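One chain, subunit A, links the two complexes that follow: it is found with subunit B in the first and with subunit C in the second.
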Partner chain A sequence: MLLKYVLRRLSIGLVQLLGLSIAVFFLIRLLPADPVSRLVGMNASKEAYAQAQMQLGLDRPVLTQLSIYLGFQPDVAPGLLQGSLGVSWVTGSQVTAEIAAYLPVTLELVTLSFLFAFAVAVPVGMLSALRPGGRADKGVFLYSLFAGSQPEFWWGLLFVYVFFFQLGIAPAPLGLLSPMTTPPPHITGFILIDTLLAGQPAKFVEAAHHLMLPVLNLTFVLSGPIIKMVRQNMLRALQSDFVLYANSIGLPRKVVARYALRAAMAPSMTLIGILYGFMLSGAVLVETVFSLGGIGQYSVRSVLAFDYPAIQGVVLVITAISLIVYLLLDLIHAAIDPRIAY
Partner chain B sequence: MRTTSSKLLCSAAALCLLAGAAAPLHANEILILSEDVPAGLDYDGPSAAIPASQQGMVTLLEPLVGYAAASTNDTGVTVPDFNTFEGRLAESWTFDAATLTWTFKLRQGVKGCNGATFNADDVIYTFQRAKSVSGAAPIGWFLSNVGSIKGFGPEVFGDDPAAKDIGDAVTKIDDYTVEIRQGEPNALFLPVLTIFGLLIFDKETMEANKTEADPWSHDYVNNTNAPGFGAYCLDTWTKNEEISYVANPDYFAGAPNVSKVTVKRVPQSSNRAVVLQTGEAQIATGLTPREFDSLRSAAGLKVGAVAGNENTFLHMNFKVPPFDNPLVRQAISHAIPFDQIIANGYFGQAMQWQGMVPSSYPGYKASAAYSYDPAKAKELLAEAGYAEGKGLEAFADAFRLSYVSEKESTLGPIVNIIQTALRDVGIPASLDPIPQTQYGDRQLVKRDLPFAINDQEKPIGVDAGYAIQLFFVTGDKGGLNNMVNYSNPAEVDDAWAAARVEPDTAKRDAATSAIQDVLARDVVWLPIVEYKTQWAHSDKLSGLRWYPDNSLRYYDLKMAE
Partner chain C sequence: MSALPDIDALPALPPKRIDWLFRIGLSIVITVTVLAVIGPYIGPYDPTLTTVRVAQPPPSLLELPGLLQGWFAGTLEYPPHFMGTDVSGYDIFSRVIAAPRTDLVIALTANVLSLGIGVFLGLIAGYFRNFATELLMRVSDVMQSFPVFISAMVLVTLAGRSTSNIIIALAFVYIPIYIRLTRAEVLSQKSRGFVEAARAMGNTEIAIALRHVLPNSLTPALIQSSVTIGFAILLTAGLSFVGAGVRPPTPEWGLMISTGANTIILGEWWPSVFPGIAISLTVFGFAVLGNALERRYEDG
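Take a look at the complex of A and B:
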């Protein structure tokens, strides 16, 4: 039953991706600039312009371009059906290869940040709800005043100034490794995993050290809404009939709290899923501050350069990941909440 | 709960203590923090217009000729002598005016990074590749065309394959002698040979990496390496992140002093400044004027600055009313507080621009010394029928001052000063930041930007005539970047057409000088400032030299022990 549900969701996801691909294909062509001009630069003679336009394939009718993009004309160029997202108009590299290089950086950053945020936010939110007005609750209030009042890049720059420039306990914000360190062989693209697979523990430590501040930065920002959500849901759960009943029959406080937490977690997971999808591209400011070549930076660069193949590729991949995350969340939801069955 | 919290704290503390010692720099290795690294290394490729890509090209490849050094300024930056060419890969040359033929004697014993020996075949390959116009943006062809090299006309874009053949335009006399023929006299020939778009490739390595679909190895150069005979060889390259070069021991001028150069992309300029201050890097580029100013007095650092060819000007489109009214253009020219922009926008590292081409270029004439005089600006507006600005509100859209949004940190303060000054005289200016690509499209292709501030036009051909040809000749007569739709057939187009092929230098200079007077009279551009090109660097580093493409040549750098 579960397998059938997963397959159905995946099939719907594929249709969604196809629809989105076509929509994005047309939408980016409505952008108010002609990408050919960036290519020709100072050499904007009619002949050179036509040459550049031909190189980009923009001299063909739009429907022909769509057909090539979808992969229906593999003799011209491979397309989606052949597993190709095209060639970047900025770098001349395959978009799939570029995304494969940039996406793991962001996934690693965002996933670690969510794990830490989750580890901090759930107990803090729970404590805050169990003792309203207590120290934890006041602390949450104060924290939300600080963390929520400034954007993440501002905190990032402050962290760099304090932890790197003043205290010297963080490395320079120069990416995942020092520029003078030879990176491990690219296996998965996840630096912490690749350093271990390559048997280079010193580089693993170096990468972890470099990830420390950006992860702390994102954790700091992400924890706020998660704590609030857990606290609210926990408060609601604590006031529900089954908790009142549990209290009235004298169940231990810890047991009651565990029951309430389980009830509170389901809606919190939904928020976490939405936040995760958002942060895949929303982490761009943190990536910029810490010089991490992630998918967020790649997206921004592609949009600013009107690099159609790269924009199409990024939207497609991020949407696919979001769909998978939502599917996983639904499955987790079902595992937490026995009322849900597939 | 306490246990969980303690564990979390311990984990965080442990992570803090994981001070992984990064590999230190060795002596004579430097780290450069840059806003970008090369997106490609092919000057006929899609990333040729990106300055970071050009920096990569000039590091790996070498031109036939270059400019000799002139003097070193008080910030330690050497400037070129644009009147004296010196051999780079070419040892010497002669010119036969009767046949318009240049004969180049090439250096012997020069080796590329892959061990190939430089010779005439590499030169012919480079020009043949340029003439193939097989890349996305054929810069090599464009420059050859600008220098009037025989056969490099628009016909190469047609279907006739013979038009793409190099023919006798570039011929091999022997392994170390080549002849290059021009189709007509043109003083721009040697200047274009110095530019990044005609750097010489290593034919042997290029051909080893060609494919049937890509016989001129564009993919290889775009994504893997640009094989040539430059001072450095490519070590590692991760696009969007980092590139490193190691010294080429067989460089024609001897092995470079700096043995390894690593360029790291650090998008946040404040981070580039902060890391430079800690001593972890040796050079930071692309900082804001304010950041350069703050580093000028920082311990252990210097800021090299040179008045090169970077400038800022106001663009007013002749096809958009009310900019078709000369009195309105003149009024605006007197409404700009030049000194305030120099002090607050550039922290003193600029001077009022008084001409239409860079003042460092041969043939420059200081013909556009507009003064800040708001009273006169109001008088001129009144004369134009817009007393106190009444009537100009109908042109609110035209007065939207466009600028590149990615340059907000540099241009933001300047456009605000201009907006305030214009409003003070009654002009309803507003601000319109737009992305670089959109700006470029509207400037170069659509040419429909009504009013804009531009700080990115650096004519790479070092010659007043080249700038006139590029920016001020009527669009359909070859003014490829005539962004303001200026057209003056008699005084500019025809005058330049005659001057372009004038072999007598004095007569040519007189003609370009007269054209500059006309441009200033018509306020074709409103020149505001020439700002200095700057690099912040360790005080142990010396030897910085400025080139018209504003890229460093790492070969010039010296690290103190």
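Take a look at the complex of A and C:
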């Protein structure tokens, strides 16, 4: 039953991704941009322009370009069907390889921030739900409204100013390791895991130190909406009949709270998924502030350089990950909430 | 869109609900709106012209009274730089108060566009359910699964970094939300008695949809507006921050923060801190307002 559900969701997701790929493909070609002159320069001769156009494959009819991109003409160039996102127009390397290098940084940053935001939001949201309308509740409400509406990149800069420039307890915002350190061998791409696998605890500490401010930064903005959500779901759970019943048969408060928390967490999963998907591209500003070199910065670079294959690849990969996260969280939701069956 | 009711048509807010927070939010929003109209003209300097004083720190609070006195008396060599100047010599104060003209106009226009289009399409999708509207919803699903920041960036950069293109890009990004919200509300409204009554009176389906269902289905979209405007300001500033937004020397908060970002690690905090405070307060103001509207709606 479960397997069937997962397979169905995955196949719907594939169709959605296909639709998205085609939509993005046409969208960026409909916009009045000229990537060829961007690459060869405005003053290039007609011959140079034509040659560049041919190299990029932009002299072919649009539908031919699409079929190459989708992978229906593997004799010309490998496409999506062959698992290739094409070659970057700027660097000349495979887009899949580039994304594989940049993506783990963002996944690591966003996942860590979610874990911390969750660790803060669950107890805080629970506390404020226990006494709705009380002073603590009002304070928490104000905080969550504030944190949820902030320009995160500006806070990042403030953190840099305070913790790096004034206090000197944070490293300069120049990446995941200091420029003098040789990075650990690339195994998973997640720097905290790679340093441990390579048996280099000193570099692990260094990377954690460099991740401290960006993670704090994202945790701050994420905690706003998550606290709000935990509070609301917890309130709803505490007012439900099963909590009334559990209280009336004299179960200890702790046990009741645990039941209520479980019931409150289940519906939170959907919002977490949406937030996570949003953050995969939304983390770009924090990545920029701290020069982390994640997928967001890669996308900025590609967009500013009119690198169509890279743009298509980034959008596709980020959306695919969001869809997978939605699916996983729906499965967790079902695991927590026994009323949901697939 | 003649059927859009004015805001007075909403049920009146019980006075006890107007707490101090709501008042703060409202004052922020009003201040920013006023600045969007007069901001570019009231600063001591032209917000788009440089001065010869580069990277000058703001005066300390102790110096401020003397400076103001001198300014009014006309004994100063040049008008004071209340928030200092940036690396190019722009007066930060004049630019901070001129920026709502850029930021708020972009956010408001983008919101009105996406609200108008989204509500209209949502009404159609909810009221008339057929193959075409199903297709519309699927397209809207695909649009909504685009990563927001990247799509806005792609649209603006490839179409050309101009104010109008930013507006169009933001509107494009926010349309699906309004389609979804309005459609859901229309679905719950159209089975109500008043619709049946209107039909019994001999109204055409289009007349029922526009004159009866639409006004009753607007509230969620209008509440969402306040939140959307706030996020649109954040997105506009974010786009400028990565170099995909308005062009210098347009006074825009995100652009100003980005100018200061290069020097903040050297201790020059003022070029980014002041515009940041402006964004922070503005978006918070819209969030407070949106929250108050939402509560009022939930209370009925």
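The criterion applied here is as follows: the second predicted complex is superposed on the first by the 328 of 342 C-alpha atoms of A that agree within 3 Å, B and C clash if a C-alpha of one lies under 4 Å from a C-alpha of the other, contacts with A are read in each partner's own complex, and residues count from 1 in each chain.
Simple rule for what comes next: a contact is a pair of C-beta atoms (placed from the backbone, for glycine too) under 8 Å apart; a residue touches a chain by one contact, two chains touch by 3 or more.
Here the structure is a predicted model, which means the values were calculated and not measured.
With subunit A as the common reference for superposition, the partners subunit B and subunit C occupy clashing space. By the touch criterion defined above, A:Leu145 lies against subunit C but remains apart from subunit B after alignment on the C-alpha atoms of chain A. Applying the stated contact rule after C-alpha superposition, one finds that A:Ala23 touches subunit C and leaves subunit B untouched. Contact with subunit B, but none with subunit C, is seen for A:Met180 once the two complexes are overlaid on the shared chain.
Once chain A of one complex is fitted onto chain A of the other, the partner contacts of A:Val255 are absent, as it touches neither subunit B nor subunit C.
Once chain A of one complex is fitted onto chain A of the other, the partner contacts of A:Ser37 are limited to subunit B, with no touch recorded for subunit C. Looking at the shared chain after the overlay, A:Leu81 reaches neither subunit B nor subunit C. Judged by the touch definition given at the top, the superposed model places A:Ala335 against neither subunit B nor subunit C.
Of the two partner chains, neither subunit B nor subunit C is touched by A:Leu14.
For subunit A, the partner touching the most residues, choosing from subunit B and subunit C, is B. Applying the stated contact rule after C-alpha superposition, one finds that A:Leu304 touches each of subunit B and subunit C. In the three-chain superposition model, subunit A touches both subunit B and subunit C at residues 31-33, 157, 160-161, 164-165, 172-173, 288-289, 303-304, 306.
Within the complex formed with subunit B, the residues of subunit A that make contact are 31-52, 55-56, 88-93, 98, 101-102, 119-120, 123, 127, 157, 160-161, 164-165, 169, 171-175, 177-183, 202-203, 205-210, 212, 288-289, 291, 293, 297-298, 301, 303-306.
Within the complex formed with subunit A, the residues of subunit B that make contact are 1, 4-5, 8, 15-16, 18-25, 29, 31, 33, 39-40, 42, 45-50, 133, 135-139, 141-142, 154, 157, 218-219, 222-223, 236, 238-242, 244, 262, 264-268, 270-271, 274-275, 277-278, 280, 406, 435-438, 440-446, 460, 470, 480-481. Residues 21, 138, 141-143, 145-151, 153-155, 157-160, 230, 234, 237-238, 241-244, 254, 257, 260-261, 264-267, 269, 272-273, 276, 279-280, 283-284, 286-288, 291 of subunit C are the ones touching subunit A in the complex. Across the interface of their complex, subunit C is touched by residues 16, 19-20, 23-24, 27-28, 31-33, 142, 145-146, 148-151, 153-154, 157-158, 160-161, 164-165, 172-173, 277-278, 280-282, 284-285, 288-289, 296, 299-300, 303-304, 306, 311, 314-315, 318-319, 322-323 of subunit A.
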